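In the two complexes below, chain A is the common chain; its partner is chain B in one and chain C in the other.
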Partner chain A sequence: MTAQPLLDVRDLTVEFATRRGTVRAIEHIDISLAKGETLGIVGESGSGKSVTSYAVMRILDRAGSIAEGSIVYSGIDVSAASDRELRDLRGREMAMIFQNPRAALNPIRPVGRQIEDVLLEHVQTTRAEAKQKAIEALEQVRIARPEERYHAYPFEMSGGMCQRVVIALALACRPQLLIADEPTTGLDVTTQKAVMDLVTELTRARGMSTILITHDLGLAATYCDRVVVMEKGKVVETALSKDIFARPEHPYTRKLMRATPRPGAALRDLLPLELAAAAPTPPPQAPPGETLLRVEQLVKEYPRQESGSLWPKFLGGKAKEPPVPFRAVDSIGFEVRRGETVGLVGESGCGKSTTSMMVMRLIDPTSGKITFAGEDISAIPARDFAVHPMRRRIQLVFQDPTDSLNPRFTAARAIADPILRSGQSLNDAAIRARCEELAGLVGLPLEFLDRLPHQLSGGQKARVGIARALALNPDLVILDEPTAALDVSVQAVVLNLLQDLKVRLGMSYLFVSHDLHVVRLLCDRVIVMRSGRIVEEGTSEQVLEAPKADYTRELLEAIPHPPV
Partner chain B sequence: MTTLSQPEPVSPSVTTLTKAVSARGIGAQLRHIRYVLADNPVTAGSFILFVIFLLAALIGPSLVPYDPLASNTASALRPPSAQHWFGTDQLGRDIFSRVVVATRLDMIIAIASVLLVFVLGGLAGIAAGFYGGWTDRIVGRISDTIMAFPLFVLAMGIVAALGNTVTNIVIATAIINFPLYARLARSEANIRREAGYVHAARLSGNSDPRILFRFILPNIMPLMMVQISLTMGYAILNAAGLSFIGLGVRPPTPEWGIMVAEGAAFIVSGEWWIAFFPGVTLMLAVFCFNLLGDGLRDIVDPLRRT
Partner chain C sequence: MLRTIGKRIATAIPSLIGVIVVTFLLTRVLPGDTASFFAGPAATPQAIEEVRKQLGLDRSQPEQFVSYVSHLVRGDLGTSLTTGRPVVTELATRLPASAELTLLGLFIALLIAVPLGIIAAVRQGSWIDHLCRIVATAGVSLPVFFTGLVFVYVFYFILGISPAPLGRLDVFASPPPDITGFYLIDALIARDFETFRAALAQITLPAVTLAVFSLAPIARITRASMLAVLSSEFIRTARASGLKPSTVVMTYAFRNAMLPVITTLGMVFSFLLGANVLVEKVFAWPGIGSYAVEALIASDFAPVQGFVLTMAVLYVLINLGIDLLYGIIDPRVKVEA
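Our next item is the complex of A and B:
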């Protein structure tokens, strides 16, 4: 390490004033960053990793304040700097990339103009040259046809493309320090790889320092020189990334690493040691029974938005041919057998969610047939399916446990809702008993049953969602990325729970996910989808160990491979 | 399974939060309100003012010192004094008594019209937001049509056409506020239509009307309450305005708008108190409801605090 670090954070404590007194978001942390170094800050939600970066940029919201400690950026004390000094620092010396690229861009200004604005603000260019420089900036982040894209609006670009523009914005003034706060969360794994490779390459070429904030230990270890692990506002471990996987020192780091799905780990290996030891060995899984769900030639088309000018219509010109509809799902077919878990994998826009919504009978397919337990359910319109007796046999566990619970229902009321609507005449005591039985099944302590969703943690909300899906003893449960919104340690517990429940209750799962590691843990068979078609299908081992399709290989390679 | 039933560790902030609100109930709700009020004395002031208006409407008529309708020409046009706090008008009626008694009528008009528009506009709005398509188009165009008129002139027209009664003032005030409610309810219902819990409700076998009333309506209720309070002030002003120009309530019934209208003629000759006191009361009432609305918004929706 050089004598004087570029950024030196000493004994930093940040406090937030809340209704219930002050809360310390981070306590006495020390972080130093050398010139040209890439540092990863890793932690689960609530660990204070984002607050650290906000404190460095001094963009804490009004309630937050730096209570103790100092932040020194190349000799300047950021914690005591005036607003004017800060404005000068931000953008020119320190830049930041945010989690949601689309939200970080001004939606009504062409992206090229936005880059110009930053350049002009920091007097990096004259008005005459600005356009040329903006186009160069776009070129550097590998945006194809930068002259054309200069005029594009953020909504005309994909998420990965927007993130590139945000990177171009951040790097436009050649800052010395780049802070990337979860830059790839919400992006597909292949896009993630492209974006991270780009950031690494650009920062290396310019000799910049980077702080990468992420919840993904694998990602941090792959792209960073050093990794700082944070837990509950404290730094628990700082290590070189090549060492952290080999010799994690702190128990929390070890727990995080255990919980991260990785090649060669079984479901039980993800649990913390003491839990794994106590967990019963998974009961032998019965061989899959008869076909429960059969999907044939399933198609879903959406009409394309009519583009172009309206003038020809007004002037009585010849009506254009209606545009070819967009095929979200393009004649796919597969089967799910009783007691089996089938994984439906693909990147955003591949049609996996549309497929699951059709199987769920929330939307109507354009054509094709869905046979469930011998009955053609695609013939029943989605509108009527809500009250159809078949409804209770197919249930869904939602992606976002928070969004899927009515904020005004207690946990017990949410779990009881399907039972109340099922037409069974049960008295209150019987319903309560069933709720308690289900809560026991999913491991939700009974005292949480009377709480509202905002009083529950993410993992507890996920359990409520699972209990609700199980309330009517369904035959098929569709898991729509059930752990995507959860921390890895919680994900490990929830995945184990799902597997145990399946074996115990003899259900089948259709597991929709973008995370191949998670899919491998839970699924017997895997279906890989791309642009509405199935590109590969087979047992989990076949698909993940010896993929046949190029696309599957590409997906597998894009997963960060930490140095081992 | 036993091991899996242990709750996973939660971060400290979450734990404290859960502990603090686990005993939620009326006590916690009151603490929350007190927190907001302590933070914002203006809201606190408006709450106190609201309670005073409420008391005036409920028990005012039985407390006032004089009969609001009894004229006494011997003591006409007296300035404010210990005997007549707000003075007397051209017929010798006690203005203080009239101002207090008028509270009930003005409040009844405001509350009735707001309730009416809340039911009609709210229902139309959530249906439009939830179903979209034709329902949305019809509700949207009705709102647009109403918005196309200067609202007070529209209210005048309605009362003039339907007849000069309190009921018609209520109807007119409800109609001109319809677009506000319909649009608010529509946009909020539209957002929640795609919420996970609405899909979940459908999967549990809930019918559409049930989803509307049990899942969507309760969740947009807090926002609607804020809107109610904000419109209330406007409804009072509107009712007084209509009476001021001679539509709606007729003299000698005590009503703030009429009293201002009657007093206006005397301002030039120096008898300012006849119009002044009902006018100030009217202003305070409108002020009170608007501030109350801002305060309510802080209570139900902390994120939108200004």
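Our next item is the complex of A and C:
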């Protein structure tokens, strides 16, 4: 290591002024980063990892301020720098890439122009050459046809493409330090791998230092030299990546590692030791019963955006051929048996959500047949299904536990909603009793029943969502990435809960996910989808240990492999 | 582009037909008997019948409607009974008067309200933010006839720096050659600076009165919309890339914040155009609002119908303009027919 670190954070404390007084987001943090080093900052939500990076860039929002400590970047005291000095530092010396790349770009400015803005601001180019330089920057992040993409707007690009643009924007002025704040959250695994490989390659080639902020210990350990683990605003452990999996020192690191789904770990292994000991040994799962759901030749087509002029039609000319519709789901078939969990895996756009929405009977298939418990439910139009007696038997747990709860409904009201809508005539006391029973089932303390969603934590909201799905005793529950928005430790608990409930209540699950580790833990059988088709199907062991299809292998490859 | 405009106008046709039918019916069910009103208080029943026959009011309602529509198709909106002049001519002279006043008022309001809203959002909680709130609240809570009268009292009666509030030009000046119907522009085209000055002196007070009233919604929307955009993630990116505050605020934030401002602007404009009767009355401005109200009081159908129809057409055009503007500002918006 060099004598003088590139970035030296000493005793940093950041405070936020809130309505209930000052809150310390981070307390007495020490972090140092050598030139050319890659550092991972790992922690769950609320650990203060993002606040740390915003403090380094001095882009905390209005309410936040540096209360104590110093941030020294190659001899410059960032915490005391003037706005002018900061402007010169940002973008030129240190740059940042963000989570949710599409929102991180100005939606109404062509991406090339946005790169130009940064180049011109830091006098890296002249007006005349700006366009050429911006195109070069796009080329460096391997965007195909950069001349065309220069004029594109963020909404016209995929998430992975937008993240490349954000990287191009950050690296345009050749900074020394790159801070990547959850750069791949929300991207597919293969995209994640492509983006992370690109970042690693570019920063290494330029001898840059990188800080990678992530909740994914595996990702950090794979791509970083050193890892800093943060909990509740404090650094609890700093270690070399190659050591952290082998010898985690701090109990929190150990807990985090335990909770991370990984090959070879069973569902119970994810729980913290004390919880795992308390948890009942999983009851032997009954062998799957008769077929509950059968999907045959299912197709969903969407019309393509019509383009071109309508004038020929008006002028009596020959109408153009109608465009070939887009097939989101292309003639797929599978079965779910009673008591079984089937995983539906694939990357965004592969048709897994469309399939689950059709099984859920929220949208109508273009053709094909969905048989549920012997009845052809695809014959019932989606808008009539809501009041059909069958509705009770297929329920859904949504991806985002926050957005899927009505913010004005208490937890009890949310759980009771399906009961109230099902037309059963129950009195208030009976409904309340049922809510309490469900809350007990999902492990939601009864005093939380009268709280509103914003007064509940992510895990509690997930429990409310699950209780709501169970309210009508369904036979099949569709789980649409139910833990994607949760921290790993919460995810571990929720996954265990889901498994226990399934066995106890004898339900079947259709589990939609892009996380193969999670799928391995929960599912008996796995279906891998790509471009609307099924590319592989089999038991979890078969598919994940000995994949037959190239695409499945590609997916498995893309999962970060930390040095163990 | 032309196709979308054409489509949009085509979709407005059913609502315009609705407007024609409804205004026709409404003017017929209004209380008051046109014939007896025009025959005068001393008229005998025979004289009233005579007038009724002359006006065609003795015919059945469907017959009257058919004749109204057939005239309408030929561009004939009928004749005003009070002034005896064709409604089309009256509207053609009065609409530019109203439009000129409203546009200038809105322009002044924009000049003040938009920067005020932007600064209030950028420096949230500062004195300028509070000033913005006070100006907005005061502007909207003072009725226009009151602000108008205060202005006349102070600037004309006490200070004497403003001309008498008697219309678009004082009695001795002659209007500029009619090109756009806007005196300020026509005078400039004719290089008649004397008339320009006179017209400007006349229009200043009523325009400022209108501006004070329309400041409030524009400033509030600008502030709210800027606040929302300033807290969005791409602003954080812009700041993290070290862009100048002026670039961040104007190029990145304001352009994104403009859409709600423009929507509000369109609504305020179409509202003011027909509804600033009080300002027109206070300043004796020969606008269409006061024209329509006078006609309504006199049970004079033709001007009322003409007025409502004109406003409906204008409303359609303004909204079309706003939608097209949306498409220019925000590439994500596709103008749908």
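Everything below uses one rule, namely that the second predicted complex is superposed on the first by the 553 of 564 C-alpha atoms of A that agree within 3 Å, B and C clash if a C-alpha of one lies under 4 Å from a C-alpha of the other, contacts with A are read in each partner's own complex, and residues count from 1 in each chain.
To be clear about the criterion, a contact is a pair of C-beta atoms (placed from the backbone, for glycine too) under 8 Å apart; a residue touches a chain by one contact, two chains touch by 3 or more.
All of these numbers come straight from a predicted model, not from anything done at the bench.
*Asks:* Both complexes share chain A, so when I overlay them there, do chain B and chain C fit or clash?
*Replies:* clash
*Asks:* Pick one for A:E541: touches chain B only (first), chain C only (second), both, or neither.
*Replies:* A:E541 contacts neither chain B nor chain C.
*Asks:* Which chain, chain B or chain C, ends up touching more residues of chain A in the combined arrangement?
*Replies:* B
*Asks:* Should A:E148 be classified as contacting the first partner (chain B), the second (chain C), both, or neither?
*Replies:* Neither partner.
*Asks:* Go through the superposed model and pick first if A:A386 touches only chain B, second if only chain C, both, or neither.
*Replies:* first
*Asks:* Tell me the contact category for A:A170 with respect to chain B and chain C: first, second, both or neither.
*Replies:* In the superposition, A:A170 touches chain C alone.
*Asks:* If you stack the two complexes on chain A, which partner ends up touching A:D417: first (chain B), second (chain C), both, or neither?
*Replies:* first
*Asks:* Kindly classify A:M57 by the partners it touches after superposition: chain B alone (first), chain C alone (second), both, or neither?
*Replies:* After superposition on chain A, A:M57 lies in contact with chain C alone.
*Asks:* Going by the contact rule set out at the top, does A:D500 touch chain B (first), chain C (second), both, or neither?
*Replies:* In the superposition, A:D500 contacts chain B only.
*Asks:* For the superposed three-chain arrangement, which chain B stretch in 19-27, 145-153 or 199-207 runs into chain C?
*Replies:* Here chain B runs into chain C along 145-153, and the other listed stretches stay clear.
*Asks:* Which chain A residues contact chain B in one complex and chain C in the other?
*Replies:* Touching chain B and chain C on chain A: no residues.
*Asks:* What residues of chain A sit close enough to touch chain C in their complex?
*Replies:* Of all residues in chain A, those touching chain C are 57, 59, 61-62, 83, 86-92, 95-96, 98, 100, 103-109, 117-118, 121-122, 153, 155, 166, 169-170, 309-311.
*Asks:* Can you name the residues of chain B that touch chain A in the complex?
*Replies:* Against chain A, the touching part of chain B is residues 1-14, 16-18, 20-22, 24, 32, 35, 195-197, 199-207, 210, 215, 218-219.
*Asks:* How about chain C: which of its residues touch chain A in the complex?
*Replies:* For this pair, the touching residues of chain C are 3, 124, 231-234, 236-245, 247, 251-252, 255-256, 329-332.
*Asks:* For the complex, give me every residue of chain A touching chain B.
*Replies:* By the definition above, chain A touches chain B via 19-20, 23, 25, 44-47, 232-233, 275, 278-280, 360, 362, 386-387, 391-392, 395-396, 398-400, 403-408, 417-418, 421-422, 440-441, 443-445, 448, 451-452, 454-457, 459-460, 465, 468, 471, 489-490, 493, 496-497, 500, 504.
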